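Read from first to last, the chains carry the letters A, B, C and D; within each, the first residue is number 1.
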Amino acid sequence: MVKIGVVGGTGYTGVELLRILAQHPQAELRAITSRKEAGMPVSELFPSLRGHVDLAFSDPASSALDQCDVVFFATPHAVAMNDARRLVDAGVRIVDISADFRIQNVAEWEKWYKVKHACPELIPEAVYGLPEVNRNAVRKARIVANPGCYPTAVQLGLLPLLEARAVDAGHLIADAKSGVSGAGRKAEIHTLFSEASDNFKAYGVPGHRHGVEIVECLARIVGSEIGLTFVPHLTPMIRGIHATLYARITRELDYQKLYEERYAGEPFVDVLPPGSHPDTRSVRAANTCRIAIHRPQGGDTLVVLSVIDNLVKGASGQAVQNMNLMFGLEESLGLTHVPVLP
Amino acid sequence: MVKIGVVGGTGYTGVELLRILAQHPQAELRAITSRKEAGMPVSELFPSLRGHVDLAFSDPASSALDQCDVVFFATPHAVAMNDARRLVDAGVRIVDISADFRIQNVAEWEKWYKVKHACPELIPEAVYGLPEVNRNAVRKARIVANPGCYPTAVQLGLLPLLEARAVDAGHLIADAKSGVSGAGRKAEIHTLFSEASDNFKAYGVPGHRHGVEIVECLARIVGSEIGLTFVPHLTPMIRGIHATLYARITRELDYQKLYEERYAGEPFVDVLPPGSHPDTRSVRAANTCRIAIHRPQGGDTLVVLSVIDNLVKGASGQAVQNMNLMFGLEESLGLTHVPVLP
Amino acid sequence: MVKIGVVGGTGYTGVELLRILAQHPQAELRAITSRKEAGMPVSELFPSLRGHVDLAFSDPASSALDQCDVVFFATPHAVAMNDARRLVDAGVRIVDISADFRIQNVAEWEKWYKVKHACPELIPEAVYGLPEVNRNAVRKARIVANPGCYPTAVQLGLLPLLEARAVDAGHLIADAKSGVSGAGRKAEIHTLFSEASDNFKAYGVPGHRHGVEIVECLARIVGSEIGLTFVPHLTPMIRGIHATLYARITRELDYQKLYEERYAGEPFVDVLPPGSHPDTRSVRAANTCRIAIHRPQGGDTLVVLSVIDNLVKGASGQAVQNMNLMFGLEESLGLTHVPVLP
Amino acid sequence: MVKIGVVGGTGYTGVELLRILAQHPQAELRAITSRKEAGMPVSELFPSLRGHVDLAFSDPASSALDQCDVVFFATPHAVAMNDARRLVDAGVRIVDISADFRIQNVAEWEKWYKVKHACPELIPEAVYGLPEVNRNAVRKARIVANPGCYPTAVQLGLLPLLEARAVDAGHLIADAKSGVSGAGRKAEIHTLFSEASDNFKAYGVPGHRHGVEIVECLARIVGSEIGLTFVPHLTPMIRGIHATLYARITRELDYQKLYEERYAGEPFVDVLPPGSHPDTRSVRAANTCRIAIHRPQGGDTLVVLSVIDNLVKGASGQAVQNMNLMFGLEESLGLTHVPVLP
């Protein structure tokens, strides 16, 4: 059994992580912290967990996180960076679902997250937790930077083309649509039901943190510069990300075959048959990314459709996938839920 | 392993049954029939099942259902009644998720379902599959009539009061709200997104089949006549039933304690603490009924709130619960999914 | 032209009031106040008003409200009561869309609204602005207490039966369902899209302010005591209230005819043909209440279905209807919008 | 008064047209035809029109459409083309909201609509009814081909850039998202609430009829070939189109100014201030197109955001705008509704 601490269990990635861990055969939940809700039974805040999670939220200070094997941070950014040093020194491994260790370029990170990084010296050893790229490094990592939701959908959708140098890497377009849970469980007006329902809009067009993350990570993988126009949109659904990706062809290939071979052994990436249009509900509540590749009208532009559940493969599910790798468990252990449809 | 056939796997109770059975450790899916889709892989119609269900739909005629241990009917009404005789004679047990065996009074059934019953002689032995009432009978049944979705929520909500003869059984009110999936996966205008979204309405106020089912079953349980005003409503959500039940007090009791004791040993009925308001999402995709009981302003009217997922405890989950009982398995085997929230 | 001030234009009743007034041929908007947003153009906060409303929010202190003919309060409760004295003394008439003047029993009001009333001496002269009951009094009122959204739907649904003494007034049941905009435009977690979407729940079952309002007003109209069990529910739609009302018959009548005659001359109450089920979208964005009356299975319980748009007939539309009466305009002036469907 | 006939009033563009015409001061509705619903009062099918439209559906054969001044076709494609000859010969002018006269290239039209055109000889005189481009031609037209919903949003979004030859016209990308009402009021499974709600997907990626329409019309306007990758998506909202448009810069300009000047005199195109993100609800139920233009990170790709209500500016509102032009009325007569928000 892996002894687990969860810091920040009151948000959507938190409750989703608890949902997954409560059904994971090797997970032993030791502590779920929340400064604000300390003392309240977790299942009082989230009645869906009644009978599944018996812990109460505890104060981070008194939670003996340093006696866990692994601590997940399901917090806003700029929390994990303050606790990382202490935990790592105590021999605890970290899966940070927030953004603190995702970007290696500290100056860039500080520019986009508007805060000084508290432990820049730990960033270089943090492993970007996209198992489809960094599986082996994740196994040995002390700190795993769990990818953002958009970056997961976009990178899995573009990787085969970029690795094969089949498209113009300098002019990629990622038009991404996210369910509202991606904005977190915070009291804000723009994500109220009466604002976000029956409505659709783009946001962050001038620039978005996840764009920077995608560009840095893809560039590292591909070994050359990446040019990306990234436009996120708020979609009136709870869960799900749909990335529609556009790339100009530079090299003729059997693109369908390219994708199928690239992801042949991957437990959580499903390349659909030619002509498919994956819908987000086909991965609802599951740790799967489904991808389809199109070449409309035989033109010179490829269109890749990539869908994930932003809270699972885009956050807490991928975090558990990383935990499985870190502790030598089967990679898909506790992650084989069938998507909930309808 | 229980060898299982599913008749009519193309609707919502069908795909939900497959979702549950695909994760059930003792279920061996042998055949999923559909006259219309015969030959098509199940996972082509429902991409959510890719990697989880490898069968194709097969024609009922050629599906060797008689070699199964149990056959589920996830069909519209008036299908199971035609196959029941043959299957029962072949030693196959039946869980009918449709309505064919729910009502013992044949004339009443024929009036509400507007068709002549094809095997009235089998009705008397059919067991109404509400385990919280008929657990032992279900264990030995050849035919289990799986309760309707509304009847499950309403009966579990009213049972303790009626068994205790604490309320006026002649003037019960059940104001019930259902998600749109309760109407099935049929091409109809009134359940189109553009009709049912951002909208709310009652239907069937003059009379509804489920009202008859509730009245007959409650009367049998309580042993006296039942008067019920039942008003169903179409709610703009996919899954979920919320029954708001009103009953006039005839006998003073500790009602909270009554409910807690009645359901103390039940794996799938959760009585909430005093003052609670269960929401439907707290049971989304799970086989649980959550109940709260109120006495507003200390008056003479009790208000009971009862929620289920109409496709799980209100249909396919309860069907598997019944299967577990019929085959001597642990009642909750394969049914302990944590609700999906948000 | 009626010179109009709006206090508190940043909420949903505020923006709806502006939508209606911007198209009203006799309305001259003089000031829209908001302490928080003072200086910001109204159409910057609500782009839907670009080209229709050119004012900026102004500070209440400097807004010369006392030079208006009428001031609408589209505020939370406990604001209007502080300004009423001054405005009335300046000869300004008031339509309070909030709750400050709805309940004549001050002690009761203070108990439910948990604040001391600032001008109890003005309450007796305030007219409860349900034109279908108080039309003449509204015409001469200095202060109109605009009814709550639930109270409007429930009272219009029950009035004919109570006036005719046709039902047991001591045991009424109002099971009411509201769209989320009824909770206002406030940053709160429970009305976030990811909380309220695809979900349904009751709230306030132990007691709700609107229950008290309904009981007091109905009692005054009918002249006898009222017993009411009122259960509100949060429904995943933006606008709309559906009240399902249950009443035990005490006197046989032609109920359909009773309703048709009671509301024969009413411009904004539409009694549907027998057997109808009004849906909330049939009044979306319009100042109409649609009502159907049923007697299920010929029993002793009547079921009345009453729908309104909570922001129009349940708030700002009714407020303008009252304004029209107060200033001798045609009652339906500027209020004949066709409902938006789908 | 303009005497008006509507062919096909049972769909969403039909009911929306009736909503608008019922409030139009110069519209006199003479006939609303429906073969299937002949005899049924329009307000029985659409209770939202009770009190606003008193006609019943009539059989097209007996509807004296040839005595109208104008006939609107709110039908599926391949209906208007059969009636056009006869009506035009009778001196009746036509606004075809369907697709029959939108594409000048008959072979192309027949390929995409999979039917032989019934009156190809009338196509050349049909005017493409985008007033922002063809205002004068519309005034004199006998047949107006009302643009598709996607084409309206996409063309209004791209026009200024193409007219100014500021971008690479051979590699345009239109990532468009539509509410479900765009699919019409037809009994189909994929647009059921339980399929389309809480879900998002692309469709028609290999090719879509509206792509062809956009390419032909833009090419005509610009006078050079157009290369467009057009990807439509189904979005869980009732109304609204959001087009996210990507174009590579070929000529440096003040793009904001370009847009503001191009649309300076347009009553129904609203260019938002720099940095804006229009949401679809800001035009809900109104005949407005709102546009914002961005240049993310100062790169070489422009992003234009263009929103309309697909049933209004994308269909019936634009049809009435065209009617106003055809009959010498003020262009915005009866079309100044304030958008409904929330």
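The rule is simple: a contact is a pair of C-beta atoms (placed from the backbone, for glycine too) under 8 Å apart; a residue touches a chain by one contact, two chains touch by 3 or more.
Just so it is clear, the structure is predicted and the values come from calculations on it, not from any experiment.
Counting C-beta pairs in contact, which chain pair has more, A-D or A-B?
Higher C-beta contact count between the two pairs: A-D.
Work out the mean Cα position per chain and let me know which chain is farthest from chain A.
It is C.
Any idea how many Å lie between the Cα centroids of chain A and chain C?
Measuring from centre to centre gives 45 Å for this pair.
With centres defined as the mean C-alpha position, give me the chain A-chain D separation in Å.
The computed centroid separation for chain A versus chain D comes out at 39 Å.
Can you give the whole-Å distance between the Cα centres of chain A and chain B?
A distance of 36 Å separates the two centres.
Would you pick out the residues of chain A that each touch at least 2 other chains?
12, 179, 181, 185, 194-195, 197-198, 236-239, 278-279, 281, 284, 342
In the complex, go through chain D and note every residue touching chain B.
Result: residues 12, 179-181, 183, 185-189, 191-198, 236-238 of chain D touch chain B.
Which residues of chain A touch chain D in their complex?
Of all residues in chain A, those touching chain D are 171, 173, 175, 177, 179, 194-195, 197-203, 205-207, 227, 229-231, 233, 235-240, 242, 244, 246, 248, 275, 277-281, 284, 294, 296-297, 299-301, 303, 305, 307, 342.
Along chain D, where are the residues that touch chain C in the complex?
Chain D reaches chain C through residues 12, 15, 19, 22-23, 46-52, 181, 185, 197-198, 238-239, 270, 272, 276, 278-279, 281-286, 290, 336-342.
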